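Multiple structures follow.
The two complexes that follow have chain A in common; it is paired with chain B in the first and with chain C in the second.
Showing the complex of A and B:
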């Protein structure tokens, strides 16, 4: 998926995650995570995000997340929404969401 | 006014609205009153507010303001503290800032509120002895900036540095850089970026660049968010107004010592001595304390105060040049500034003269 702009999804509230993605031509995937539960789940959060980006075919992106203890499914959904917004996709086919 | 959304809280339904532009004039007094009730002052530079309003009585229950990429005047009503309301307006504020095109956010707060803004996603950069904490949203930005500085690192025993606003660039600035360049292996010159001075940053930068290009051991750095400007330092939460400038200077000095100086291996910082202006002499005093005297995790940076260059009986300063410009006496300026600056000022005064005639 080709990103053309900044994409934001999520909130800073408890059990949610705020995801900001920025396209970065040729820079690979750069991830920065701030989380209350980074010690316990940092590796998992990272894996969920990277897998989601791979599934969406995003290769060159800067991802900033502020996690407030979101579950894996929430993290994946927020990343997907942010990527869609960054790609300028406004018609989403919900039946084939990964 | 833009209604963003209505939110049911533990207490009552709360509307989150974004106020900017002309609407801000209408709302200003109400927000100011709310802040005052909570022991805070209004900040005149804020251009955008996120406000939470109680739907029952339309009272403001929380607010947060944006001055460029600096978050200011964050306040939540007593009865709503501990609820998620702070995070709700925090989210909205961050989204607004990023939609406005900023890619980083900063804020100053008391140390005891550090934890709260940590919940907003901010990380602390420095803490002064007075308990003022400077925080950044996107810490990767600082790392990237330091990385770009490191690429300009030079070897040598004595690495000097000067931070200047150069509003405008005078013979006094030139003299200070010359002296530093003679004493050091290399001198890094940093510009203050904020466009709140009489001359625009773009013009100030160009005049400095032209004025220093013949000195080959001087490296000029463009302004950055990490060369802290006093103009944007908030005063609203500091009770003792004498402390405002002290704390701003302390943040500036600590950012320099902890992050910028180590990245370039800077060992000395040069400033002009200040015989007249009280604010600047206090600034030099605070710099000495934080850069050189106090112990810290980063190595100390020696502060060298240079006696200022004099002309016609008093020291050369940018404020003296601006005062002369105001009174439109152009001849005396020629002795105070390098040729490039003089040409620029002449042109500037001529166009403003023409504009006046035109009006």
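Showing the complex of A and C:
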């Protein structure tokens, strides 16, 4: 998926996560995580984000997240929404999300 | 709430894509619901998705997500007529085939929220094998009727309740009463629960976790009711074994309607 602009999804409310993605041509995936549960779940949050980016075919992106204790399914949804918004694509391809 | 409402032990959990979601967040709400459904964190609790109405530009994308995500039931708001349900039914079938989901596995609840919907309720309730329930939604209905909610016996809702309930019973599906919006008014909530229960509704749509236990308790049979129901079933079983057509219990005839009522009491006790 080709990112053409900044994409933001999520909130700073408890149990949510704010995800901001920015395209960076040829720069690979650069990930920055702020989380109140980073010590316990930082690796899991990172894994979920990377998996979802790979599934969507996003290879060159800067991702900043502020996690408020979101479950994996919420992290996944916010990453996907931010990417779709950054790509300017409205129609979701659920085949690649599964 | 999206990811932890199962802890309140509701019978169903309904994810709202309609009024609770701003137009700017419809896209993110769909993805949240999709991933939550896929995570299967709700176990045996029935999952329902309230999509946007068929008169909006959102309903088809909502439906695509919900059926592919595995929602057990689609709730169609503001249902006015049979054609809308037929259109929904065709679209659901198409998505089920495309994504490999068992054809017919996605069920429908229609919400009646207008005078037209009430007038057409009998046809709506019976128009699809996917229909499992019909619900009355009071807020929009009362605006359409140019009146407002009163306290007490709520005459303004009586015709709609009676009509929707009869439509459900004729179609052999469930009927759910209106949601009660004032979550801090326990007395008013219980007054309305009793009206709905006495009329014959299967339950109510709820909008706050604190209403769940209150509703369950109201529908829970009392111990004497449960004891009597068990005696009725036992007496009926004995009569059947002895080849008797009719039997009496404490001087009262036990016939099929009495047995059915006893079975319902036991069923409610199991679910409460």
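Heads up, the rule we're going with is that the second predicted complex is superposed on the first by the 93 of 98 C-alpha atoms of A that agree within 3 Å, B and C clash if a C-alpha of one lies under 4 Å from a C-alpha of the other, contacts with A are read in each partner's own complex, and residues count from 1 in each chain.
Note that a residue touches a chain if its C-beta (ideal position, glycine included) is under 8 Å from a C-beta of that chain, and two chains touch if they have at least 3 such contacts.
All of these numbers come straight from a predicted model, not from anything done at the bench.
Visitor: Put chain B and chain C onto chain A via the superposition and say whether they clash or fit.
Guide: They fit: once the shared chain is superposed, the two partners occupy separate space.
Visitor: Based on the superposed arrangement, let me know which partner A:66 touches: chain B (first), chain C (second), both, or neither?
Guide: A:66 sits against chain B, while chain C stays out of touch.
Visitor: Does chain B (first) or chain C (second) touch A:33, or do both, or does neither?
Guide: Touch partners of A:33: none, neither chain B nor chain C.
Visitor: Comparing chain C with chain B, which touches more residues belonging to chain A?
Guide: C
Visitor: Nearest 10 degrees is fine: what angle do the Cα centroids of chain B and chain C make about that of chain A?
Guide: Apex at chain A; the opening toward chain B and chain C is 120 degrees.
Visitor: Which of the two partners, first being chain B and second being chain C, lies in contact with A:80: first, second, both, or neither?
Guide: second
Visitor: Now for A:1: first (chain B), second (chain C), both, or neither, which partner does it touch?
Guide: In the superposition, A:1 contacts neither chain B nor chain C.
Visitor: Touch test for A:18: chain B only (first), chain C only (second), both, or neither?
Guide: first
Visitor: After overlaying the two complexes, what is the shortest C-alpha distance between chain B and chain C, in Å?
Guide: 7
Visitor: Residue overlap on chain A between the chain B contact set and the chain C contact set?
Guide: On chain A, no residue contacts both chain B in one structure and chain C in the other.
Visitor: Show me the residue ranges of chain A that touch chain C in the complex, using the header's touch definition.
Guide: The contact residues of chain A facing chain C are 9-10, 15, 70-74, 76-78, 80-81, 84-85, 90-92, 94, 97-98.
Visitor: For chain B, which residues are in contact with chain A within the complex?
Guide: So the residues of chain B touching chain A come out as 84, 87-88, 90-91, 94-95, 98-99, 103, 119-121, 123, 138-140.
Visitor: Give the list of chain C residues in touch with chain A in this complex.
Guide: Per the touch definition, chain C meets chain A at residues 2-4, 27-28, 30-32, 34-36, 38-39, 41, 61, 64-65, 68-69, 99.
Visitor: Taking the complex as given, what residues does chain A use to touch chain B?
Guide: The contact residues of chain A facing chain B are 6, 8, 11-14, 18, 20, 22, 30, 32, 34, 62, 64, 66, 68.
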